[in-house]
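In this document, chain identifiers A, B, C and D correspond to the written order of the chains, with residue numbering beginning at 1 in each.
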Amino acid sequence: MAEKALKPNLSVVGKTQNEIIEIKKFQVWINENHILDNIELKIPKNEITCIIGPSGSGKSTLIRSINRINDEVSGINTQGEICFNGLSINEKDVDVAQLRSKIGMVFQKPCIFPKSIKENVLFGIQHLKKLSKLEKLQIAEENLKAVSLWKEVAHRLNDKAISLSIGQQQRLCIARTLAIKPEVILLDEPTSSLDPVSTRAIEDMMVKLKEEYTIIFVTHNIQQAKRIADNLVFICDGKLIEQGSAAKILSCPTDPQTKAYLRDEYCDC
Amino acid sequence: MKSTHALIVFLICIIFTSCEKKQAINIAGSTSVLPIISIAAEEFRKNNPELNIIVNEGGSGVGVNQLGEGKIDIGMVSRDITQEEISTYPNVTFNPISIGKDAVVPVISSEIYNAGITSLTLEEIAKIYRGEVRNWSELGGPDKEILVIDKEASRGTRHVFMEIVMGDKEAIAEGADLVLGSNNEEQTAIVQSDAAIGMLSNAWLNDNVKGLNIKMLDGSIIESSLKNIIDNKFPITRDLLIVTNGKPAGAVKDFIEYLLSSEGQKIVEEAGYVRIN
Amino acid sequence: MNRKLKNNLFYTSVGVAVLVCALILFFLFGIIIWNGLPAISLDFLTNSSSDFGATGGIVYQIFGSILLIVFAALICLPIALGTAIYKSEYLKNETANKLINTLIYSLNGIPSVIFGIFGLIFFVNLLNMGISWFVGSIILSMMILPTVTLSTYQSINSIPTVYRESSSALGLNKWQVIVQVLLPQGFSGAITGLLIGVARAIGETAPIMFIATAFSGVKLPSSFLEPVSTLPTHILALAQQATNPAALQNAWGSSLVLVILVIIFSISALFIRLRHQTISKR
Amino acid sequence: MLGSTSKIGKYYVYGSTLISAFIVFLIFTILIISSWDAITTVGLDLLKFQWNPATGEFGIIPMLFGTLVVTFIALLIAVPLGIYTAIFTSEILPSKYRFIVKSLLELLAGIPSIIFGLIGIAFFSIWVQNIFDLQSGRTIFTAGILLSIMILPTIITLTDDAFHNIPDKYRETAKGLGLYKFEIIKEILLPIAKPDLKGAILLAFGRALGETMAVMLVIGSIDRIPSPIYNWLSPGQTITSKLGREIAETSFGSVHFSAMIFMGLLLFIIVLILTILSQNSLKSNRRLYE
């Protein structure tokens, strides 16, 4: 079976040590609609990169292209390439399941499988390796602690996960993603359906997690981006308008469109 | 809405045609008698276009039952009416009329016939149907298991065959592998097999379905030829009957007279049976 | 690696299953068309059958089949409409609704041969109607009743409550609302259901073979109480002579005609449904 | 005037509903009354192995056995084949082709059973005869294969619907965790679709039990349990094929007739139970024409 291993290629890593993901001339069409146009983007390692932009601008499509979860959307067509650790992920022979176990993803709405809390946490990891009973418990505990859910659910690990609140469910989803130990975590507006308290909890968690993971976070909430982002990427109407460190963009955006967007958002608040 | 109008017009047409009450003769029963009746009915209608003759198959049992229940005017029956049937329908006077003669012939696949088995005694046939003989080699034929084909219990062909061969017209054939209905169906099964034995009316024999000759106790061999049937030499013969409730009248009477006329008897002969006179 | 292998194995078995299904589909339609086409000619479609059906045509079989289903549809339609309206507009009790649903689904589940013996006992023997096409139509109408009822119910029930309320507000009473607002919409559902039901009914043999059909000699029935010949029973008679090439050829010809009739009804149903859907989406 | 049409209308819809509901009861009652004679005169002897009206033996066990075995074979083939195919149509095939596949399936479902019978006699029975070197290809197995093809569209369409009703978020989430497709299907989709699958299988079970014409033509129609009991390459009889072949030959009102109706009643009750069970299993609003 000819397939590319997704291990870092040392010679390439040497050049781009700080950039785990590089997007080159990336374009996406869905049927006749040009969703993303010529995206050029580098994502640095162990930092939080926030992708912002108005709804419908293509943020989700972009983030969903990074682990190729868009593959089976009907009528989709892509051009250009995305490199992960210096290797293109768009080749046909890439094992997408293996890729996705390296680039985990959390969605807008929490999606809980109709299983127990413990089984939900272990759902991904137990396919990657065989686990003893003890290991299972350890992994569950470790990851639930990482998302600060352990105290709330420790006594009812075998209850149906559906009994948790929405905020708890979303944290459980993150724990489930952490359990597979990915290098990159993609979060597609993970807090948009949550209350402020849960949102804060997840934001705090992100800041902690960036020591171990690279985090790409899609949001349309500028305040949130301000709170957590190391880097900002502004996308509008399928085009990448501006990218750079969060501090710089937020204080003095160079592009007039970014300025306008940031201003409008202030007005809303 | 146009289609609705068309529908209504269509319906009115049907109802009008329905009002013009035509005469009809309903006939049902034995598939052995069926070829005669269905051809005769077609011919008879040519001279009586206003008369409908509706023919249904189903076997002799169906012929008797439906006549008994008053659903048909003429029953086609290829065996005698049993006492039990007469007592089931006390209000019906069964009036059987013979329209021809037929032999029920034990038939075998042509492969077996060509391999040398051309005649058997009645006892040997009985043994096959009882399941005591399971392989053609036991009778001097090729080493092939016998496919024993039986018929549905109420079929006239079976009654006559079992009466002569097994001594009881409702005998159970322990050795049977298939139970089929009409002569057509049985014929098809025998053609599809290469080691079958079955029972058919003489009219259904052909190159692929060979009639067995009967070896008599005195050693003589009797062919299932028309001549032997006429001479009453062939042991398994029967009358082909049509049955009415009481004396026939009207169109039914005309049709029966037609069947018994020389024209009608010619149809009997052409169908492969023997005329009555 | 092991997982990947399992995944590929899974894809292979899915592929095999799909291949088998596709082969079955093409085999079935292939032989029906391949064997049926040579038998079909204008003579075959316009002549009456003779000689056990081995020669001649099938015009009266086609007529008989159509007669049976047209009357089945006519008998079924008013009852299905009434039941659907009751279920949608009058019935508010959850338990009663469940009971009626169960009864409708049960009726739909009854094997066709049971309808046949029921017709034989009740209509042919107890009511002494004899073997007649009209009895066949009644039985077939019972068989398609659930399909038509539910199809009608769904289209009536999908009308937004706003329509009912605003017409009531104009001073229409309940029955006027039903007749003027709900029925026109329900009617298209009923027609869809009828076409689907009729597509199924026209191919049925078991329910009518004891009670409504005759083997030969039947032309146009002259009253309600006479048997007819139909395509399915004709095929049954011919199938039993499967080694007679002439009979077999006619059997395939009749089969192709029957399948074409079924397809015509199903496709019309599909078109009505699609057209209706696009309208209600606007 | 308005009031009276309203009243007539009300009577009309009440009346129609009563008729609809009444039909099932009427059929049930008629079957019970007609089989009562056999139940009282033959009684437990109905559960014997011999069927011979001439001697007054009415054992229905061979027919019951044949019915169950034929259905079992049909489900054994059609369920895996159908579910795998439905996985293809709903999970692998791009959704723009779905309409075509659905239409083809409806066409397959529309082939009348008598035509399956014709195909069974002209092809399947001969194949079975040649492949297994049998005396006759009219066997329980042949009938089972034919039936499996007949219930295949039911299973595929209902399973496809069941999978299709599962929201995409489950698939995407599982994909995001690095699962392969077969793991997603096995661990997420199948458990979620399970009640619907159960309903589909029960429904197909009921269909298969009641199928008459195709089975009647190819099963061989012998009222005997094969020996040995697992030798399904031998002829047999089902309740439906027995009814189809023999009911017209029996005289109305006789014990023989009554015993035949008793078998019909049995079939009716079994299928009714299956229908009601499947209705409870199928959550989605089931379409009757599939």
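Here, a residue touches a chain if its C-beta (ideal position, glycine included) is under 8 Å from a C-beta of that chain, and two chains touch if they have at least 3 such contacts.
The model shown is predicted, which means the values in this text are computed figures rather than measured ones.
More C-beta pairs in contact connect the chains of C-D than those of the other pair, out of C-D and B-D. Of all chains displayed, D has the C-alpha centre closest to the centre of the whole protein C-alpha set. Summarising the inter-chain layout, the chain whose CA centre lies farthest from the centre of subunit B is A.
Averaging Cα coordinates per chain places subunit C and subunit D 17 Å apart. Measuring from the averaged C-alpha position of subunit B to that of subunit D gives a distance of 34 Å.
Chain geometry summary: the mean Cα position of subunit A and that of subunit B are 81 Å apart.
Here the CA centre of subunit A is 49 Å from the CA centre of subunit D.
Of all residues in subunit B, those that touch two or more other chains are 69, 181, 188, 192.
Counting partner chains per residue, subunit A has residues 97-98, 127 touching two or more of them. Those residues of subunit D in touch with two or more other chains are numbered 121, 180-181, 183, 248, 252. Taken together, the subunit B residues at the contact with subunit C in this complex read 7, 10-11, 14, 17-18, 20-22, 24, 26-28, 34-35, 38-39, 41-42, 45, 52-57, 66, 69-71, 181-182, 184-185, 187-188, 191-192, 208. If you check the complex, the residues on subunit D that touch subunit C are 2-3, 5-6, 9-10, 12-17, 19-21, 23-24, 26-27, 30-31, 34, 80-81, 84-85, 87-88, 92, 103-104, 106-108, 110-115, 117-119, 121-123, 149, 152, 156, 180-183, 185, 203, 206, 209-213, 217, 240, 243-244, 247-248, 252, 260-261, 264, 267-268, 271-272, 274-276, 279, 285-286, 288-289. Taken together, the subunit C residues at the contact with subunit D in this complex read 3-4, 6-7, 10-11, 13-18, 20-21, 24-25, 28-29, 31-32, 78-83, 85-87, 89-90, 99-118, 120-122, 125-126, 142, 145-147, 149-151, 154, 173-176, 178-179, 196-197, 199-200, 202-206, 209-210, 232, 235-236, 238-240, 242, 248, 251-252, 255, 258-259, 262-263, 266, 269-270.
Those residues of subunit D that touch subunit A in the shared complex are 94-96, 169-170, 172-181, 183, 187-188, 191-192. Subunit C makes touch with subunit B in their complex at residues 50-52, 67, 70, 74, 124-125, 128, 130-131, 213-224, 226-227, 237, 240-244, 247.
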